[in-house]
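Some structures are shown below for you to check.
Heads up, the next two complexes both have subunit A, just with different partners, subunit B and then subunit C.
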Partner chain A sequence: MITSLPPGLLLIGGALVVPFLRGWLRWAWMLALPVLGFVDLIGLEHGIHLSISLFDYHLQPLRVDKLSLAFGYIFYIAAFLGILYAVTINETSEQIAALIYMGSAVGALFAGDLITLFLYWEVTAVASAFIIWSGRSEAAYRAGMRYLVIQVTSGVLLLSGALIQVAETGSIAFGASGLDSVAGILIFFAFGIKCAFPFLHNWLQDAYPEASPTGTVFLSAFTTKLAIYGLARGYAGEEILIWIGALMTAFPIFYAVIENDLRRVLAYSLNNQLGFMVVGVGIGTELSLNGTVAHAFTHILYKSLLFMSMGAVLYRVGTVKGSELGGLYKSMPWTTAFCIVGAASISAFPLFSGFVSKSLIMSSAAGEGWVIIWLVLLFASAGVFHHSGIKIPYFAFFAHDSGKRCKEAPLPMLLAMGATAILCIGVGVWSSPLYALLPYEVNYTPYTTAHVITQLQLLMFSALAFAVLMRTGLYPPELKSVNLDIDWIYRRGFPAIGRMLYRAARPLGGTMTIISTKTALGGLSRLVRLTGPESTLARTWQTAGMVALIVTIMALYLVVSFV
Partner chain B sequence: MIDQDKTQESAPERRRWLDDRKNVDKIYRALLVVCGGLMLADLFYDKHAKYTAEDWFGFYGFYGFFGCVFLVLAAKQLRRLLMRPEDYHDH
Partner chain C sequence: MSVHLPVLQVIFPLIAAPLCLLVRNPFANWLLATLVSWLTFAIAVLLLLQVLDAGVITYALGNWVAPWGIEYVVDELNAFILVIVSGIGAVVMPYAMRSVSGELPDRQISLFYTMFLLCLSGLLGITITGDAFNVFVFLEISSLSSYALISLGRHRKALHASYQYLITGTIGATFFLIGVGLLYMMTGTLNMKDLASLLKPLSDSRIVLAAFGFIVVGMGLKLAVFPLHLWLPNAYAYAPSVVSVFLAGTATKVSLYVVLRFIFTVFGFEFSFIGQPLGLALLILAISGIITCSLVAIFQIDVKRLLAWSSVAQIGYMLLGLSFATVIGVQASLLHIFNHAIMKTGLFLAMGCVFLRIGSCRLEDLSGIGRQMPWTMAGFTICGLSLIGVPTTAGFVSKWYLVLSAFEKGWWPVALLIVLTSLLAVIYIWKVVEVAWFHEPSDAVKAVSEAPFLMLVPLWIVVGANIWFGFETSGSVDVAAAAAKALVGTVR
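And now, the complex of A and B:
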C-alpha cells in the first residue's frame, strides 16, 4: 500500500512519465494508474493521515472520510474508462493534461485545508484548459481562453475566502463554512462558478463541446462534481441551495430542446443534473445528502457514456450537429445501443442507474415538504427524458436518414462504452454496493410498486408528448444556429461597450495618443536600460555582490514574516 | 480524424425494419397501449402519496405529458428571442 501518499499524486506523477513511453506500453501505464489509485483508496483508513507544517499553518493533504472516499472511487473509475476510451487517439498533450487534471481533482477531494484545496483547484483549472486546447481548432483555443479566465476567477475567490478565514479565525481548515461570514460567501461563489450555478454556468456549454471527442469525456466527469463535493462538505443544509438547484434543473432544459450541437445539448443536461445534486445539498438531511453523492456517482457514469457515444459519432462522421445527422444506427449499431443505455440511465428508467439515485433526492424533497421544489424537479425529470433520453439518440441515430454511412466506433471506444453501460445497468439493478458507499446509512428501497409505476407513467407520457409533437409537426426542427446565452455579455456586450467608449474618447484622441505613446516609449527605454545586453541586470556580478543581495532578500523576508 | 470510408460506394443497402413507415406507426400505437396500461394500473395500488395531487388519477402521466408539451412549445418561442446564425460569434 502507498497509503501515506496523497491520492491523486499517483496520476500527476504518472503523467510525467507518459512522454517517454510509446505504443501499448504507454496505454498500459496510463490504464494501470487509476487501477492502482483505486486499490490504494480501498486500503485507506478514515482520519487525517498527513500533516505538514508551513509557517504557522498545518496543511492536511490527506483527510479521509466516507464523503471523500465515495467521490474518490468514482473519480478513479471515470479516469479508467476515459483513458480506455481515448486509446484510439494519439494526442500526447491531451493525455498528460488529462492525467494531471484527474489527479488533481482526486487530490482536492482529500484536502483537509483550504490552501491544499486551492492548489489542486488551480491545477484542475489550468490542466483542463489544456484539454480544451487539445481540440486544436480556433474555436477550441478561444473557448479555452474564456474558460480559463472564469476558472481562475473561481480560484481567486477561493483563495480570498481562505485568506479572510485565516485572518478571522486563524484556521485554514476546510469544513462546514456556512454563509454567515464573508469568507464563507466568497468560497460559496468559488464553488458556485465551478458548479455552474445559474448565470455563472455558461463556461460549461461554451467550452466542453469544443474539446476533442475524448477530451469532453474527461472534462464532463470531474470539475463540476468536485464543486458538488465542496458544496456538500461546506454548505449542507443551506436553504438557498434548494432554490438555486431547482432553477438549475429547470432553466437549461429549454436551451437543450433548441440546441443543435448534440454535445452542447449534453452540456445543458449536465447542468440540469447538477441541479438535482445541489437541491440534495440544500435540503441537507441524511437522505438528501446520500442522494447527492449517489446521484453524482451514477451521473458521472451515464454522462460519460452519453459524451462517449456522441464523441464516437464526432470521430467517425466529423460532426455532432443534429441538423446533419440521422439514421446512424445502420452504421453504428453498438454505439446506438450504448447511447440508449446512457439515455435510459439519465432519464432514471427503472433498472437503470439514475433511478436508484434520483429517487433519494426526490423522496427527500417530497418528505421535507418542499412542494414547489418537488413539482419543479418532477417537471425537470420529464424534461430530461425529453431532451437527453429521446432527443440525443433520436436525432443522431434515427430521425430522417441523413444518408451518412461510416464505420462503427473503434474497438477501445466500444470497450469503454460497453463497460460503462454495464456499470449503468449494474448499479440500477443492484443498488446495495452503491448505497454502502454513501456517507450515511441508507434505509431506502427504490423499487416499490408506487415508485416504479409513477416513474414509468411520467416517462412514457413524456415519450408520448414527443411522439405527438413530432407527428403533428409542432416539434421545432434541428436548425443550423447558435442560441444566445450569458456568454453574450462578455463575447458581444463588453466588446461593444469598449468600441462605444473608444468612439466617445476619439475627439480627445490626438492628445491621448501623444501622452500614451510618450509614456510607453519612456517605459520601454527604461526596461531596455535595466535588462538589455549592456544593462545592470545582464552584467556578471561578483560573488560578494550576490551574497549581499541574497542577505538583503532574506533579511526582508525575516522582517515581513515577523510583522 | 474523420473516417474517409464514409463516402465509398457500396452495394444497395438492405431495407431495415424501421425504414417502413408502417412499422414506425406500430411503435407509436404500442406506446399508446403502454401509456393506457400504465394509467389503468393506477387503480390497483396505493401510491403512499405525500401530497393530495399525487393521488389524482394518472397525475404523473398528465404532468409528464403536459410538462413536456409546455417545455417544447415554450422553447420554440424562445428561439425567436435567442436564435442567431451559426457564425454569429465569429464576427
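And now, the complex of A and C:
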C-alpha cells in the first residue's frame, strides 16, 4: 500500500503533524519519518507506478530507477542525520520547513514528468527560504529574500522550458533533453542555477552561512544535489558540462582560501565539490556517471559532517570567524575529531569516503583523454585539501589559542556527527555496498597502489605548501574582510554604473540623452511615480476626466473606422 | 417543468427581490435570498447538463416565436457562465448574513437583499437571453442595482465611487443601446441569430462598423478594459464586502460574455477579426492593461483596492486569450473567466472576514493578522497562490492554456510576458502574506478572533474549488473547450 505513495509526500505530510506534537514525541516522530521513507524505498520496484491526469497530461509522480533510488537513499540518510543533529534546537518553523524541504527534494527525484518536477522544485525553493529565515536575523531575512528570488527564477526557467517542450513535442516527460532545443537550454539554465554554475553561484555563499547552525546542515545536502541529479538525468555527456565543471572546481578555491567565515569557506568548497560531479556528468560514460552519483553520495555525508562541526562551534561559541577562533580542541575534543574525519573525507584521503568516489571521476577523465581537465581536477583536489582539509580544522580547533573555553557540543549533535563520521569511514573502507547502489555496474578497484600513492603524494605536497606558507608568514591571514565575488556586479556594480552613466550623460547637454538615461535608470522611484498610489494611473480621477477619456476613445474609433 | 428551466433561471430571483422588500426581516430576507440563490444555482447546473447532453436549448418567452418574440438560448458558452454567476451567488449568500449585519445598519439590510437579488437576476438575464435589446434591459437591471449596492458601503467615498460608476456605466449602457439601435435600423431585427444572418451581406456598411464600435466600447466600459477601468478600483474598494465579492466574481465576467457573444455570434469571426484589426487592438489593450495594472496593484496600500487593480490586470489575461482568436485561445479565456471568478471571490471573501473583525483592509492594520485569523489568512494565501498561477491550483490551468495558445500562434514574447507578469502577482500577493504572517501583531490585531464559522465555510468551499479545479480539470476544461469550439470552431 505504502509503495504506491510518492516518496516525498511522507515527509511533507509528516511535517503537518509536527506542530501538534510536543517534546520527545515530536523528535521520535520526526526521526521515524526518514526511517519509514528509507524502508519504503527498499521495497520499491523499478518502473513507473503512478499516473495522474492533469488536464490533457499524464503526470508520473513515481518513476523509479537506479539513478533516482541512489539519490533517494542518501537523501533519506541525510534527512535522518540532519534531524538528529537538530534535536538540540527547538525551532518549530525550521523543523516544518526542513521536513517539507527534504520531502519535496526526495519527491523531485522520482518525478517522471516536468510538471511534477517543477512543482517539487518550487516547493524546495520556498521551504528552503523559510529555513534561512529561521536564522532570525536581519541578515538572514535579506539573504533569504535574495535566495528566494534566484530560486524562483530557476523554477520559472524550468516551467518555461517545460511549456516549450510541450508546445514542440506534446510531451511533458522528463528525460534526456540535450542542448539542441530551446526547451533543453532553458531547463539547463534552471538546473544550472540550482547547481551553482560559475556566475550563477552566489546565492549559495550568500545564503547558506546566514542560516542557523542546524539550518545550514539541512540546506547543504539537498538543493544542489537535486540539480546534479537533474543534470545526470537530462544532460549526461554534454561536453560543455566538463568545462563548466572544471571551472567550478577551480575558482572557488581562491575565495575559500581568503574567506574568514568558516561556514562560508565550506560553502565555497561545496561549490568546488559540485564541480567534480558536473565534470562526471559531462564526460557521460558509465564510469563517470557512477562517479558522479557516488561522489554525490559521499559528498552529502562529509559536507554535512563539516557543516555539523562548524554548526556545533557556532552553537557553543557564537561565531565561526577564523580570526576569532582557535584552540578549541581542548574544549571540544569530540567535535574536533569528527571535523577531522570530515576534512579527511573531503580531501579524499585513502580509507575515507571521498577517495572511493572522487577517483571514479578522476579515472574517467584520464581514461577519456581529458588531460587538461584531469590536471585542473588534480589542482582542485589539492586546493580542497588545503582549504577544507587543513584550514577548517586548523583555524577552528588549533592555530593560536583564542582563549575561548566552552562546553563540548550537546549529545544529539555529537551522536549525529558520530554516526556521519562512521559512515564516512565505513564507505571509505568498505566501498562495495556503495558501488552496488550506482546506476551502472562497477568494475573498479579504488585501492590500487598507483591510486593510493598518487593521492598521498598530492595530499602531502599540499600539506607541505600550507606548512611552509604558515611558517614563513606568507599565508593570507584570517582577517575580517569583505571578499568581492561575482555578486558584487549585481549588488553594487549595476547601480554604480548606472549613476556613472547618468553623471557622464549630463554634461553632454543633449536633452534626449538625459531623458533616456533618466528613464532607463530612474528605476524604482520612477516606477513609483508612474504607478504608485499618487500617480495619474492609480489615483481616483475626476468624473469629468473619466467621461472625457471615454468619449475620446469612442471618437477615435469612429474616426479610424470611417477613414 | 424542465422545459421552463431557462425562464425560471431569471424569474426566481426577480420575484424574490420585491418579496424581500415586503418582508423586511433580516433573517427571513437572508433565508429567502439564500434559498433562491441555491435554487438558481441548481437550475444553472441542470441547464448545463442538459446542454451538454442534448445540445442548444431555445425557449420562446410567452410562446412568441422568434424573431418576433424574445427568445432565450442556452448553449455551452452561456450555460457555463450561468453556472459561474449563480454558483458565486450561492456561495456568497450564506456568507452574507454575518458580513452584512456587521457592516450595514439594520434598516438597510432588506434593501441590500432586494438589490442583490435584482442584480443576480439581471446578470443571469444578460447571459441567458438571445435577444439583443433584452440584453440592454437586463444590463440596466443589474447595473442600477449594483450602483445602489456599492453606495451602501460604510466609507463616505463609497457614494462617490458609486456615482462615478453610475456615470460611466450609464455611458456604457447608452453606447450599447446606440449600437443595438443602429443594428436594428439596418436589419429590422433584434434577435441575435437573425441579426447574425442578416448582417453577413452588410459587412462593408459603415453603420454596422459604427454599431460594432459602440457595442464593443460600451461593453468594454462595463467590462473595465484598460483604459476604461477607472470606475472599478474605487467601486470594489469601498463597496460592502459582500458586494465586492459578488461583483468581482460575476459582473465583469458577464460583460466579457456579451462581448464574446457579439464578436463571434452576432458579427461573426470574419467581420471582427479579418475585416478589422480587433485582434491587434485587444492584444495591445490586454498587454498594457496587464503590465500597468499589476504594477499599480503592487503599490496599493489597501488590500481591497490592490485586489481590484489586480482584477483589471486579470481581465487583461482574459482579453489576451480572446485576441488570439483561436479555439485554444478562447478556451484559455473562458477558463480564466471561471478560474479568476473562483480565486478573486476567495480573496475578497477572506478580506471580508478581516474587515468584519478589524474594520479595515489597509496593509498597515493587517500586521500579524495571520496569527489571530489563521483559517482566513490561510484561505487568502491559497487563493493568492492560485492567482499567481502556482501548479495544483486552478490559476495554473488557465495560465498554462494561455501560454500554450501564445505558442500555438508563435508569439513568444507574449508567452514570456504571461510568465513574467505572473511574477508581478507574486509581489503584490506576497506583500499581503508577509504582513499578515511575518509581522508582529499590533495590539488592535491581538484583540480580534477568527471569523465566524458561517463565513469561513463559504471561504473554504471556494478555496477547495481553487485546489479541486487545479487537479480535476476535466469539467472546466472540457466545457470551456466545447464552448470555444462552438464559438470559433464553426467559423474556421
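What to note about this one:
Note that the second predicted complex is superposed on the first by the 492 of 563 C-alpha atoms of A that agree within 3 Å, B and C clash if a C-alpha of one lies under 4 Å from a C-alpha of the other, contacts with A are read in each partner's own complex, and residues count from 1 in each chain.
Heads up, the rule we're going with is that a residue touches a chain if its C-beta (ideal position, glycine included) is under 8 Å from a C-beta of that chain, and two chains touch if they have at least 3 such contacts.
Predicted, not measured: the structure shown is a model, and the values here were computed from it.
Contact with subunit C, but none with subunit B, is seen for A:Phe118 once the two complexes are overlaid on the shared chain.
When subunit A is checked against subunit B and against subunit C, the one touching more of its residues turns out to be B.
Of the two partner chains placed around the shared chain by superposition, subunit C is the only one that A:Leu549 touches, whereas subunit B remains out of contact. With both structures placed on the common chain, the touch criterion links A:Thr449 to subunit B but leaves subunit C unconnected.
In the superposition on chain A, A:Leu16 contacts neither subunit B nor subunit C.
In the superposed pair of complexes, A:Ile497 makes contact with neither subunit B nor subunit C. Overlap of the subunit B and subunit C interfaces on subunit A: none, as no residue is touched by both. Against subunit A, in their complex, subunit B makes its touches with residues 1-3, 5-6, 10, 13, 16, 18-19, 28, 31-32, 34-35, 38-39, 41-42, 45-48, 50-51, 54, 58-69, 71-76, 78-79, 81-86, 88-89. Taken together, the subunit A residues at the contact with subunit C in this complex read 52-56, 115, 118-119, 122, 152, 156, 159-160, 163-164, 166-167, 527-528, 530-533, 535, 537-538, 540-541, 543, 546-547, 549-550, 553-554, 557-558, 561-562.
The part of subunit A that touches subunit B in the complex is made up of residues 253-255, 257-258, 315-318, 329-331, 366-367, 371, 374, 378-379, 382-383, 386, 398, 401, 404-407, 448-450, 453-469, 471, 474-476, 479-485, 491-492.
Contact residues on subunit C toward subunit A in their complex (touch as defined above): 160, 163-164, 167-168, 171, 175, 206, 209-210, 213-214, 217, 221, 227-228, 230-231, 233-234, 276, 292, 295-296, 298-301, 309, 390-392, 397, 400, 403-404, 407-408, 415-416, 419, 423, 426, 471, 473-474, 477.
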